[in-house]
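Next up is a structure, given as structure tokens.
Letters are used for the chains, namely A, B, C, D and E, taken in the order the chains are written, and counting of residues starts over at 1 for each.
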Amino acid sequence: MKVIAALGRLWLVPLVLVAWEVVTRAAEQPFFPPPSAVLARMHEMWFSGPPSRLLLTDGALADLGPSMARLFSGWLLTAVIGVAAGIAIGCSPRLSDYVNPLIQFGRAVPPPLLVPFFLALLKLGTPAQLATIVFGVIWPILLNTIDGARTVDRQHLETARIFGLSAAQRLWRVVLPSALPKIFAGLRLALSLALILMVIAEIFAGTDGIGYRLLYTQRSYLYPDMWGCIVLLGVLGYLLNSAFLLVERRVLAWHRGARQTT
Amino acid sequence: MLKITDLVHSYGPHRVLGGVSLSVAEGELVSVVGPSGCGKSTLLRSVAGLIRPSGGRITLGGRTVERTPDDLAIVFQDYSRSLFPWMSAANNVALPLRRKGMDRKQRREAAMAALDQVGLADAGNKYPWEMSGGMQQRVSIARALAYRPSLLLMDEPFGSVDAQTREDLEDLVLNVCAHHGMTILLITHDIDESVYVGDRVVVLTKSPTVVAADLVIDLGRTRDQIATRQLDAFVRLRAEVGRLIRGGGTGHTTESTSVLEKK
Amino acid sequence: MLKITDLVHSYGPHRVLGGVSLSVAEGELVSVVGPSGCGKSTLLRSVAGLIRPSGGRITLGGRTVERTPDDLAIVFQDYSRSLFPWMSAANNVALPLRRKGMDRKQRREAAMAALDQVGLADAGNKYPWEMSGGMQQRVSIARALAYRPSLLLMDEPFGSVDAQTREDLEDLVLNVCAHHGMTILLITHDIDESVYVGDRVVVLTKSPTVVAADLVIDLGRTRDQIATRQLDAFVRLRAEVGRLIRGGGTGHTTESTSVLEKK
Amino acid sequence: MNYARVLRGAAGVAGFLAVAELVGLSGLVDDRFLPRMSVVLGAAAGLVADPDFLADAGATLTVWALGLLLTVALAVPAGLLLGTLPRAEAAVRPLIEFLRPIPSVAVIPLAILLFSDNLHLKLAVIVYAASWPVLINTIYGLKDVDPLAKETLRSFGFGPIPVLARVALPSAAPFIATGIRVASGIAVILAISAELMAGGSEGVGVYITEAASGSRVDLMLAATLWAGLFGLVADAVMVAVERRLFRWHHVRTGGAR
Amino acid sequence: ACGGSDKTSSPSSDGAAAGGGLEKTTLVVGTIPVPDIAPLQVAIKRGFFKEEGLDIKPEVVAGGAVGIQKLLGGSIDLTLGAYIGTFLAQESGAGKFKYVADSYGAAPGAFVIMVKKDSPIKTAADLKGKKIAVNTFRNVSQFTAEVQMKVAGVTATQDQFVEKNYPDMPAALENGQVDAAAMVEPFITVESKAGGRIISDEMAGPTQDLPVAGWLTTESVANKYPKTMAAFQRALGKAQELVANDRKIVEEVLPDYTKIDAATAAVIALGSYPTSLSETRLERVAALMKEYGYLKSDFDVKSIMVAPPAS
């Protein structure tokens, strides 16, 4: 039942696919292959493996494995750093004054430009790629956390002060929960950004992964393969986001309740 | 125990408190009445160290209040915004008890007991937004009472509950105050209530606010909803407070100030 | 004008309203009293079309209420959250008047007049967060009155103001009601008040809630804070309502239901 | 802007520069690849007098401003629409979540094929990447409106559109503004990335490509520095505007602490 | 076909024709800030295009692949493109291209494989299984590296190549992200100064004097504006001629359109500047690509060339 309802919500997707197929077939442009061709290539490249491995081919494991590892380690690392720093900055206007220009500065620096410098600084490939992901992904988490920690309802803070909650308790029991909706919004933005940064890191400093594959197919003028990579990224992003929403729904049940329109 | 001297506060150019002086002895329950917008909540916030008054002094147990004093609880007027929407009622009540060194189970038990006292025995698992206004207000009272502070500040704590519950809560507060020797400052708009629960009633003028009168309520320490309210002394005092509020009478100020000065 | 038949509402498994039936004639002011958490606010929200009750029917002027009816105003119990923090008091009051086709100047004037009536003549430029609880509540009342709805729903509208202001506001509502022929449903916890302002007092049981009693208050249409309250009839009715609430007495239900049925 | 705040910000920046210079002096990194901070600052100062760079910077700024305007003009109404029509949002959400993680580096080559005009290309790429935070914050912001505030207006008989305009929009406005601030940073990044990847006749990205051709790491970093600096100034302006517009928001929350 | 431009070197007569004869007088040309395009810059500077009635607007593209995409998207009319990449694109059906003029060819020392100072790698044979940085996958430097390895007796695999921009290569070598890098000038000079060693010239043996890059457009543009293309060929041909004989001219223009300073420009190794587009030379490229599996079938180079201007 639930599955059917979930699928029902996807009704627009087949519609778009059909439209895409019609338009690309009519246009006959080699760079815009019809989705049927793209899906066929994707199947061949990644999903024609043995059932024992969930149909994944060697190519899929080689492309997806390292990419996913980078994505998750990068995102988790960023989440920890971003939330910790964000809460600290959000709770201390003074600290915020000191670092704010640096944050706004860093936010406007294109991450691809920094890849070479991370490489120069960190020497090894993997830390440099992680640094790239962290650097590119941290901003929405940081800004949202700062904002969330700074805009706790004043009466909530006063209540905490009155009852003499310790700093740690105030943090864990009041500031963090009340900033949580915004933190989650940031984490969610960051998840798809992490996917993007993973590709950038692989393109500018990679030797494997989906980004590497994307670059290679582009250089070899293998357009259906290239579109396959793009579609794969989109699907991955969609799946990650859906999984994240499931978690968010559980953690933020109170928020939805408090904000439901009766 | 609590001594307020010449308290002055302005929001921007707007002077709200014009020199309020008041002292409260240990274990006393003082009712505060005064017109809407005269600065009662402002006074309470100053005592709690939540705002820095523009002038005057507040001492608690001899020490000047600079930041929020230890061992103090408030029931805010805007109770619905002082409950944490991400916690159930029981957790809202239990949260401050962490400071009392209770373990999880003790906290839970104390919270349930306090909720029971305010008539919410079976609402412990509800979230604030699942409760009616009066229930939220009672959770907020339960939280303050469970904490057993030495100074309890209540800002119109019974405004949203029905008459019956209101009486029960009044008696509850009197009881807890007597048993645990709390000092209480209670703001109310109900003249009957101010007399019924108070050891003293402080009447404020409109802003810039000063103390218009400070009446001692000599009805003894044990009160009864029916018996006490039928006493002649009660009726007389009630009328007196009513007259003081209505008249805002300067005539009475001198008389009542003398009451203050006698202390 | 308003007819509620067998209204039932549950939040999840929890049945709050257990079949409330009530009808209000045009121009009538009906007070509703009942224990905290019994579903008074839920009832009001259903009448306003803000929630869809689980069962039963509400008709207004013969038509079933499905969405928010036209020409209706509410004073919410949680008044502080119903004012818009980004607007001054005057703008908060003036906003709904846009629907009345007034131009900017007329709206401003009507808003200032309404604020004046609730004693906030010089607070028009203040923002909600610059006002005391009682002032916010009065802005919210002014907003509803300025709108001159044909049906006015008030959820404990005078809970946060001092006794004097409360009396003034009661008289204001009676006045406006008489002059503009509004129909009013007013929830209150104050028994005196319910009798003083009401043409009828409806007493609710605790949840699952039904109407425990429906008393006609035959004190005439013009009331006076001092004279009316001294009437024997007033004292008797007040005692009666008090007994009904305390007793929750089933004995009275039949009697009062008959009152309802006579209508 | 408060004086002490500016001073502290300057102290923070100075501290960062000092640490960077020290790292450079310590020899931990090869200054062939990462020139010392003082060298980069010198080069950055030199760029102010370089007419080539000024023209490039002007071009990039124009694209940034146009792109951001276009983004706001498209994403805010779209967010309002989706935020108020939950069914439409449910239908479009899979597409949004599918498109959002597709990196601009994959989109730029396609945009090159689709747009014959460089300006259009850059605008398209900026709008594509910068719209997401505005769109999502608008939708989130609308969901976060206090229901009681909406009910208040509904009870006065206002229809959905006035409720949207008078309650939902103002109370979501601070959140939307945050989205626009995020988008502004992304727009700077995308303008430069598009110039880097697609080239063109002018722009900071083109300048960086040229600097790279001569192995002039210092110039590349100096140009990057200016890009970051521009982002900083743009953000400061937006914050100042926000503070004015949304004073009620800051006072009610701890913002005024 | 050799020296075609020589015979029609009477600008005045062409200039007269230019007034009404050209289908299109403004050409947007995709350029890359590298020594390969020096002749174009010389032709612009000396007004050769003006004389033909042409207005050339150079536009920097981030690389040959981007140039080809912009060509297909229609935002530019001509671009510099390496033969290998273009042949691949044509075979894959990405588009139909026409080379209008040759621009750059191999010369000793201009395309080399480098390693860092203390690397154990001595010859191309040692590159087996090592990571090699190339500036673009499946293009000149990767291809020629594969050829050199094959000559040395080892086979290259795709996964040992890493795409890196030239400026990032020295750092990648230094930090050990790659073991070797296929470099061009001025980066060869830069890296040599830091102690880097050249282990192999990419343009030796089978690839000696290999044509590298030329000016191309799409077939449709070439067919639509034949006279314009001819005018472009004539103007550029003059510059190629000049440059082919005097490297000083290149050294002079380099600092104008790249950030290479004059001192570096004076010492870097330059490739060759061929004076005309030659079918035989391109056939050699195609044959080699087929031999190494870059092309699947025989490639008709004639189909990808605009005939040199007949007088």
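Basically, contacts are C-beta pairs under 8 Å (C-beta built on N, C-alpha and C of every residue); 3 or more make two chains touch, one makes a residue touch a chain.
Please read these numbers as outputs of a predicted model, since none were measured by experiment.
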Path length in steps (a step moves to a chain that is touched) from chain A to chain E: 1
Winner on C-beta contact pairs when C-D is weighed against D-E: D-E
Greatest separation from chain C - chain, by CA centre: E
Intercentroid distance (Cα basis), chain E paired with chain B, Å: 86
Separation of mean Cα positions, chain C and chain B [Å, integer]: 28
Centre-to-centre distance between chain C and chain A (centres being mean Cα positions), rounded to whole Å: 51
Computed distance of Cα centres, chain E from chain D, in Å: 37
Multi-chain contact residues (two or more partners), chain D: 30, 33, 109, 113, 146, 151, 196, 220, 249, 252
Sites on chain E at which at least two other chains make contact: 72, 165, 167, 171
Residue list for chain B, restricted to those that touch at least two other chains: 78, 81, 130
Complex interface listing, chain D residues touching chain E: 30, 32-33, 109, 112-118, 121, 196-201, 206, 209-217, 219-220
Chain E-facing residues of chain A, complex: 30-31, 115-116, 119-120, 123-125, 203, 205-208, 215-216, 218-223
Chain D residues touching chain C - in the complex, by the definition given at the top: 146, 148-149, 151-158, 162, 166-167, 170-171, 246, 248-249, 251-252
Complex interface listing, chain B residues touching chain A: 48-50, 68, 70-74, 76, 78, 81-82, 84-87, 95-96, 98-99, 127-130, 143, 147
Contact footprint of chain B on chain C as seen in their complex: 11, 33-37, 39-41, 77-78, 80-81, 119, 130-135, 138, 155-156, 159-166, 189-191, 242, 245-246
